[in-house]
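Order of writing sets the labels: A, B, C, D and E. Residues in every chain begin at 1.
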Amino acid sequence: MAPSGGLRYFAGRLVTGAVTLWVVSVLVFSAVHLVPGGYPDIVLGPASSPQVREALRAEFGLDRPLVLQYLEWVRHVLTGDLGTSLGTGEPVSAQLMRRLPVTAELAGLSLALTVLAGVPLALLAGLSRGRFGRGLSRLVGSSAMSVPDFVLGSLLVFLFSRFSLGLPVGGYVPLAEDPVANLRSMALPALTLSVFGLALVVRTGRDAVAATFSSPHIAAALARGERIGQVTRHHVLRNAAIPVLTVLATYAGYLMGGAVIVENLFSLPGVAQAVLNAINGRDYATVQGLVLVAAAVFIAINLLADFAYGVVDPRIRAGHRG
Amino acid sequence: MSVLDHGPVDPAPVEPGRPPVVSARDVVVAYRTGHGRRAEQVHALKGVSLDIMPGQTLGVVGESGSGKTTLGRVLLGLVRPTSGQVLFDGLPVTGRGTARRLRGRLQVVLQNPDWSLNPTLHVWRSVAEPLAVTGRTARRARREAVADMLVLVGLDPALADRHPHQLSGGQRQRVAIARAMITRPDLIVFDEAVTALDVSVQTQVLNLIRDLQAERGFAALFISHDIAAVRYVSHGLAVTYHGQIVESGPVERFYDRAEHPYTRRLIGAMPTITKPTSTMQTTRPVSRREKDDLP
Amino acid sequence: MSAITASPASTGPPPAAAPRRHLPFHGDALSRLGLLLLIGFLLVAVFGAWLPLGDPEAVNAGPRLAAPSGRLWAGTDSLGRSVLPRLVEGIRTTFLLAGTAVMVTAAVSVLLGMMAAYYRGLVAELITRGADVLFAFPALLLAILLAAIVGPGAPGALISIVLICSPLMVRVVRAASLSVVDRDFVVAARVGGAGPGRILLVHLLPNIAGPAVVQATYALSVGMLLESGLSFLGLGLQPPSASLGSLVHEGAVYLPIAPWLVLIPGTLLTLAIMAVNLVGDGLRDALDVRGVEVRR
Amino acid sequence: MSAETGSAAPVLAATDLVIEYSTRNGPIRSLDQATLTVGSGQIVALVGESGSGKSTLGMATGRLLASNAVYAGGLLSVAGRPVYGPGAQGGEGLRALRREVLAFVFQNPVAALNPTMRIRRQMELAGPAGREARDGSSAAEALGEVGLTDVPRVLRSYPHELSGGMAQRVGIAMALRRRPRLLIADEPTAAVDATLRAQILNLLVSQCRDQGCALLLLTHDLHAVAQHTEQIAVMYGGRMVEHGPTAEVLGRPMHPYTRALVAALPGEERPGRRLEAIGGVPPVLHAGCPGCAFAPRCPDALPNCRDVRPADAAVAGRTLTCHLHPGEIGDPSAAPNDAGRPRATEAGRRHLDKEQEAAR
Amino acid sequence: AAGGGSPAKGPSGAQLVWGKSADADVLDPPAAGNATSWELLDLTYENLVGLDDGLKVVPELATSWDQISPTEYLFHLRKGVKFANGRELTADDVVGSLQRLIDPATASIWAGQLGIASVGADGDTRVRVKLLKPKTPFVAALAGSPAAVLPMKELKAGTFDPKKQLLGTGPFKAVAHSQGESWTFERNPYHWRTGVPAVDKLTVRIMPDDAARAAALRDGSVDFTTFEVPDSIRLLEGQANVKTVVQSTTDYYRVDVNATSSIFRDDRLREALALSIDREKIKNVALGGVGRASAAVPPAFAGVCDPATVPFGKPDAQRARQLVAAAGATGKTVEISTISLVPMSSPIAQVIQQNLQDAGLRVRIAALDIGAVMKRAYSGKDADFDLVVSWSAGYADPAMDLAWYDPELVGFNKGFVKPDPRLHSLILDGLATEPGDRRTKLFRDACERIAQNANIIPVVTKDAIVAYRSDTTSVSILPVEGYALPLRQLAEFEAK
C-alpha cells in the first residue's frame, strides 16, 4: 500500500530479470560450445590438416577449459565488451551497432503496425455484439494467426516481384541514406512480420474486452446508468489493456524469431541473420554476444511490460495476483 | 435414517480414565508473510491448549481471522506448530512415520460444497477413496461399504454413480461427510461445514452430524463463525479471539452464562427472530479502540 | 513462431457441466469447420500413404519442375518427383512431428506444472524459474542453436518444440493446479492420508485436464508453426523426407518459375494450423477454460 | 429529487412477473409470477433460499439481467415507470431511471469497484452529474456519512487496498450519492465478517431512512432481517409465498414454508433440543409450476397443492399464497388457474417431479 | 573494417554491383581456406603467378621464373608494382609473405600445397625458393589465393593488420566493409596494369539467398552474381537483359565412403555403391543438366582420365544388387550425409539414395552442417559416417587433385580411407614428375586405382554459373577455372 510497494515490485522484477539473463548466458555459452565442429574447422575447410586446426584453436584460446573461457567472456561482457568476431576481428558490438538498426526498425515498424491496427480492431471486435461480426473477426483472426510468416512472405515476394507491384522485395536501404527508399524496402518485411502479432492482439484484446465487460464492476457501472461509451472509456480500456500488454511482450520474443525468417526472406542485414550466419560459421563470440543481447532485449521488454502492468493494474504492484 | 437416534444430543459422559483423542498444548502457529524486508510473522495461534475427548464434539467459534481454521489444520497435522505440541492418541501428529500411523484415523469436512468433492470422480469413488488410501478394505468390498455409508448419511445409494455436479449442495456435503466417516476415524474436523448451505439444508446437515456422532462416537472439532450452529452440535465450546481461546466450557453455559465480553457480544449479535430488537442500539458499531481493548 | 498464445491460458477446472449429447462445438460453426478440416487432414495423414499416388521419393517421376496437370496433380519438384504424394507425406510428418512433440510437451509440462503447484518451496521455485529462463530465450534462436547442436532434422525440431512450448504450458498447468490444490477435496484427501502420487494423479490431473488439453491444442499449432519455420530455414526435416514446411523450403528457390511448389504446401500448412487453432478455440469455449492470462 | 417521495405510485411494483433464463438445457424459470410492491421509503426484506429468484427480481428492477434472461410475462414498474410490460422503455429512458431512481449495492463489494481506478475518481464518476461532480469534497462527505474514518486515505486507495467492510461502505456511499428512491441491496453482507454484518446493515437501513429511500434487501439471513426491516417477503420457487410486517411474519409464520424455515433456524433452541429441518431441496423450475412449488416438501400439503396454484390472499395483515390459508374473503378453489396465467407443460411437470425425487 | 575509414569521395566514374552469396570469413590470405574468401582477396591481392584460360600458369607479380634444380626456383619480380598505399613492391614483401605462409604459427592450409623449405631474396628483384622435395605443381600452387603477396613492411611495422584489413597490389582497394552485408571497393590508382580495373567502383552486396540474388539481378539492383544451384539458369530464363554463363571448373562433387568403420568396409559394397552411382542421372536430375561426369582427374584436364572407362565407371544396377546381396547387406540401412554448406549435396544424395535403394540397401539422408561434418568425417581420426556427399577442389594441376586421395599426404581423410601403398607411390611419383607422357600415364593409373578402391568416388563436375545484366555490364569469363574464382577476370568487367 505504501508507495514503496510499487518500488519493491519493480526491484523484484529487475532481480528476476538479471538472474534469468545470467542463466541465459550460461546456456548460450554452453550451447555454442556444444555445437559440433569448431571455428577452425569451418575456416580451414575440410582439406586442412588436424595439426593446423589445433594450432588455430590454440591461437583463439579455444583449447582452454570451458569454464575459464566462460569466465573470461563474462568478465568482458560486464565491462561492456561483447568480444570480437573470430573471423574478421571486428568487435561484436560494432557488428551489433551496424545491424541492430535494421532489426530494430523492422521490429519497431511491425510493432507499430500491430498496435496501431490491432488495438482499434480488437476494440471493434470486442464491442461487436452481433454473431456475424464476432464470427468474422474470429475467422479473420484465426487465419491471420495461422499463416506462417514465411508462407506469407514468400507469397508477397512472389506477387511483388512477379507483377512488379511497386515495392522492392529485397535489399535494405539505410534510413539515413534515403528515408523514402528505406520505408519502401521495409514495408513488405514489416507487414509480413506484423500479421501474426496483429492477429494475436486482436484476439487477445477482443477476449479481454469481452471479459472485462462481464466483470461485476462493469455491471455496477451500468446499473448506475452510465452510457456504454462512458463505461468503455472509464472502466474497460485500462482493464482490458493488461492481457494485451502481456501478449505484446511475448510478441517481442516472436519478433526476434520471426526476424530470422523475414530477414532471410527479404535479404535484410539484421541481427537475426547475423546470428544465423555466425552459428553456421561457428563464430562463437558473435553468436554468444548477439544471442545474449537478444535475450537481454527480450527480458528488458518483458520487464517493461511488467512495469506497464504495474502502472495499469495497481493490484499487481502490490503483489496481489489478479 | 431409521438407524439414527432422533432424540436430543446427550453429552456423552466422559469416562474418567480415558485419554483425550487429541490434545493441543500451548500451540503457537506463526505464518511468515511477505518477502525480504517486508517479511513479518502473523501469529495465527498464540498458545492454544485443548483436549477433545472420544465421542465429544468441541465447537470453535470466533470472528474471521481469529485462527479457527489454523487450529483445525494443526490438529490434523497439516500445519506444523511453531511451538507447542499436538498429540493424537498420545503421540505427535507431525514428524516421521505419522502418515502411516494416522492413515484413516483423521478426516475433515470443509466449507465449500462446490469444492468438497473432486468433480471428476463418481460419488462412490470419492467416498471410497479413504478406503483405497488405507488399503485395508478389499477392492470389491468397497462399493458395498460406500452404499452402506450413503444410506447412513441419508442418501439414496443410487447416487453413487453420479458426478458431484449432479448433486445439490446439501447432498454434496452429505457425501463429504460419508467420505470422512468411511474409515471410522477417531477425529473429524468440520471447518465451516455448513456455512455455505441454505438455512433449511444447513439444519439437515447439522442434524445429520449430531445423529451420526451419537451413533458412531467419533470425536469432532466443529468450526464455524456462526455461534448458533456451533452451539447446536457441540458438547463443549471454545471461543477464539485473535489467536487465543478466550473462553471455553460445556455448551450449556453459552446459552446464557457466557462470561467473556467477547463471547457475550457474539451471542448478542445473534438476534432472536421472534423478538426482533426494535432499535439498532444493541449492535452499535464497535469502535476500533473497543475492539483492541478486548483480550 | 514463439510460444505465444498467451490468452488461452486458464485457471480452474471445467465447472460442473451437464452431460452433453450434442455434436461437438454445439452452435459454434467456425470450430466445427475447424474440426472438419482437422479430421480431413488427419485422415490424409493416416491413410494417405495407402492412396495410389505414387512414391513420394521417386526422383524423375516426370519432367523437372512441371506445372500441375492432369497426370501430376500438384506438379513435380526440382528432382522430378511428383509433388502430390509428397504433400500427403508432408501432412503426415507435420502432424506426426508436431503431435509427438506436443505429447512430450504435455507429459513433461503437466507433471512439472502439477509438481510446481503441489510442492511449494524449492521444487516449485526451480520449476518456475526454469520455465522463466526458457521463456526468456527467443524461440527461434533457441531452435536454431539446438539444430546446430544436434544437427538439423526431426530430433532437433522435436526437442526445440518441446523446449519452446513447455514453459507456457507449465505455467498454465501450474496456474490451473494452484487453483485446485487448495480445494477442499484435495485437503480432505491429504488428511485421509493420500500420498502425492495419488493426489497428483487422481485429484489434480483430471481437474486440470481441460486447460491442459486446450493449451496442448494451441501448443500443437505453435509446434506446427515452429517445425515448419525450422524446416523453412533448412533446419527441420531433411529431404527426401517432407514436411509441409520443408516442402515450402524446397520450393522457395523456384518461386518465380514454379510458384505452386510454395503455394500449395503453404496453403495446406496455413489451413492445418488454422484448423488446429479453431478447434482449440472451440475446446476453450466448450470446456469453459477462461482466458486468464498467465503472467510471470 | 426527494420531493417526489410523496408521489402515489409505489417505488417498486411487480405483478405476476415471469422471467426465464434460456440455457443449454432448456429454459430455467427463475420468476414464476412474482408479485411484490414496495412503497416509498419502505424497508423491505426479500428472503428465500438460494435459487428462489431474489437476485433475478432485484436486477430486473433495473433491467440489468444477464443477456440470456427472457421476459415472459407480467408487469414491473419502478416509481411508476414501466420496466417490463407495456410501455417499457429502453435506451436513454432506462438509463435515466437507473441514474435517478435506482441504486444497487452488490454482494462482493470489492469486485463491484473498478480495480484499476482510485476510489476518488470512481466516486466522482458515480456522483451526480454537473457542477458538484468534480468536487472532491462532496465525495469525501459522502464517505464520511457512511462512517468511514480515514476518508482522505480511502479516497486515495485502490479497491484492493480496502477491507471488505470498507469497500462495502464505499459501495453504499456511491449508491446513495444520487439520492435514489429505491436501493436494492443484494446480499450486501455475504462477503463481510460476521461481526461487521450488523454494522453494515445498520448503516444501510439508517442511511435509507434518513434519505427517505426505499430499501429492498435481498438475503437469506433471517436473523438480519428480523432485526432491521419492517416488511418481509418470503420467496420460494420464483414466487412470493408470504409478505407482511417482519415481526408478524417471523413471529407467527403462516405459510408452511416460512414456518419450516423459522423452525429450522438454530439460535433459539434450548440446549440439547433438536431442530426440525425441512426435507428435500428447493426446486429448479423449467416452466411455470403447476401447483404450489413447495407442495412436494410441505408436511401439510393438501391433495390439490401439487396441481392447483394457490392465489395471493390477504390473511392476518399479510399476503399469503397458500391453499391452507385461502384468505379471509373468497373461495380458495376459485382463485387459481384463470385462463390468463401460463400453464405448466406436461414436460415441465415431469421434470419438476424428477428433480424433487432426486432431492430425496 | 578493412581499408579503414569512410568511403573516399571516389571518382564519379563507372561502377558495378556484385551480388555475392557469402562474405569472407577470414581476410588474412594464408589463413583463408574458403573460396568465398578467396574471391574477395583476389580483388586486392596478387600472387607471383596467375592462371590463364587454359589453366596454364602465367606471370603476375613475377614476370618469369627459372627452375634451377628439381627443388629450387628463381622468380624475377615485375618492376614498378605498387601497393594500394603507393609503396613499391620489394622482394622482401614476397619473401616475407611466403615465409609467413609456411610458418606453422600461421596455420596456413596452403603450406602443404607449396612444400617450401626456404625462401630468400636474391637482390632487389629476385626471389629464390627451395622446396622440401620436387613438386611439379609448385608454381601452379603459387597462383592460389593463400599465396598472395602482402605488404610485409607495413605488417611488421604494425600499421597493417592482415586480419582486419586488405592491402595488396591488386586492381581494387577496399574502402568500406560491413561484415555480412557489403563491401565497397575502389580502383587502386597504383595498379600496374593499365586500364585495369575497368570501373572505378565496385560494390559487393552479400546476399546469401539464391532467390534474392536472382530477384536482385532481375530488378537490376545487382549487375552480376554467381550461383551454385544450376536451376538458377532456369530461374532467369526468358528474363530480358539477364544472361547466364556456365563456366567449367576443376572442382567436382564426390562421395566419401567410410571404408574403415562402416559397412562399406566390405569391398563388394563399395563396388556396389560405385556401380549404383549414375553420373548422367545425377547430372540431369540433381544438377539440372549442368556439369560433366568426372573421375579423379576432372575433365578440365583433358585426356587424362575418362570416367566412362575407369573401373565401375558405367552404372550397373543389376550387378550392384547382386553385390549387395552377396555381402549379405540387403535391407541394411546406410546414411548419406549431406553438407548444408554445399547446396547441391542434398539433391545428389537423393538421386544416389534412389539408386542405392534399387540395389537393396535402405538409405537415410542426414544433413550436417560443416562443423558436424568436420567432426564426424574429416577430423583425421576415427570416422563416424557411412557416406558423405562433398566436393573436391581441383585447383590447377591434376597432381593437386590426386593428392586429396592419399591419407599420407592430407590428414583429413585418414579416418575413413583405406591406405593403398600402390596408389600412394603413384601419387608421389605424379607430384614429382615433370609434365609429359609418363606423368599422364601415372595420373591415369592413379585414376583407375582410385576408381577401383571406390573409397572416394568422384561424381560430376561442380561448374560455376555466372549471371549478369547484359544491359549494364560486359563481362569476361574464363571458360575454365581452377581456384574457384569464376570471376577471376572481374577487374576487366566493364560497366555500360
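Just so it is clear, a contact is a pair of C-beta atoms (placed from the backbone, for glycine too) under 8 Å apart; a residue touches a chain by one contact, two chains touch by 3 or more.
Computed from a predicted structure; not experimentally measured.
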item: Chain labels contacting subunit A and also subunit E; value: C
item: Farthest-lying chain, centroid of Cα atoms versus that of subunit E; value: D
item: Contact pairs, highest-scoring chain pair; value: A-C
item: Whole-Å gap between the CA centroids of subunit B and subunit C; value: 47
item: Centre-of-Cα separation between subunit D and subunit B, whole angstrom; value: 32
item: Geometric centre distance via CA averages, subunit E-subunit B, whole Å; value: 86
item: Subunit E: positions in contact with at least two other chains; value: 211, 215, 218, 340, 369, 371-372
item: For subunit D, residues that touch 2 or more chains besides their own; value: none
item: Sites on subunit B at which at least two other chains make contact; value: none
item: Residues of subunit E that touch subunit C when the two form their complex; value: 210-211, 214-215, 218, 229, 231, 234-235, 237, 281, 285-286, 288, 338, 340, 346-347, 350-351, 353-354, 365-369, 371-372
item: Residues of subunit B that touch subunit D when the two form their complex; value: 6-10, 63-65, 156, 168-171, 198-204, 206-207, 210, 225-226, 228-229, 231-232, 251-252, 255, 265-266, 269-277, 280, 283-286, 288
item: Partner subunit C, residues of subunit B touching it in the complex; value: 76, 78, 99, 102-104, 106-112, 114-121, 126, 129-130, 132-134, 163-166, 176, 179-180, 183, 189
item: Subunit D to subunit B touching residues, read off their complex; value: 49-50, 147, 149, 193-195, 197-199, 202, 205-206, 220, 222-228, 246-247, 250-251, 260-262, 264-279, 281-282, 359-360
item: Subunit B-facing residues of subunit C, complex; value: 13-18, 183-185, 187-195, 198, 202-203, 206-207, 209
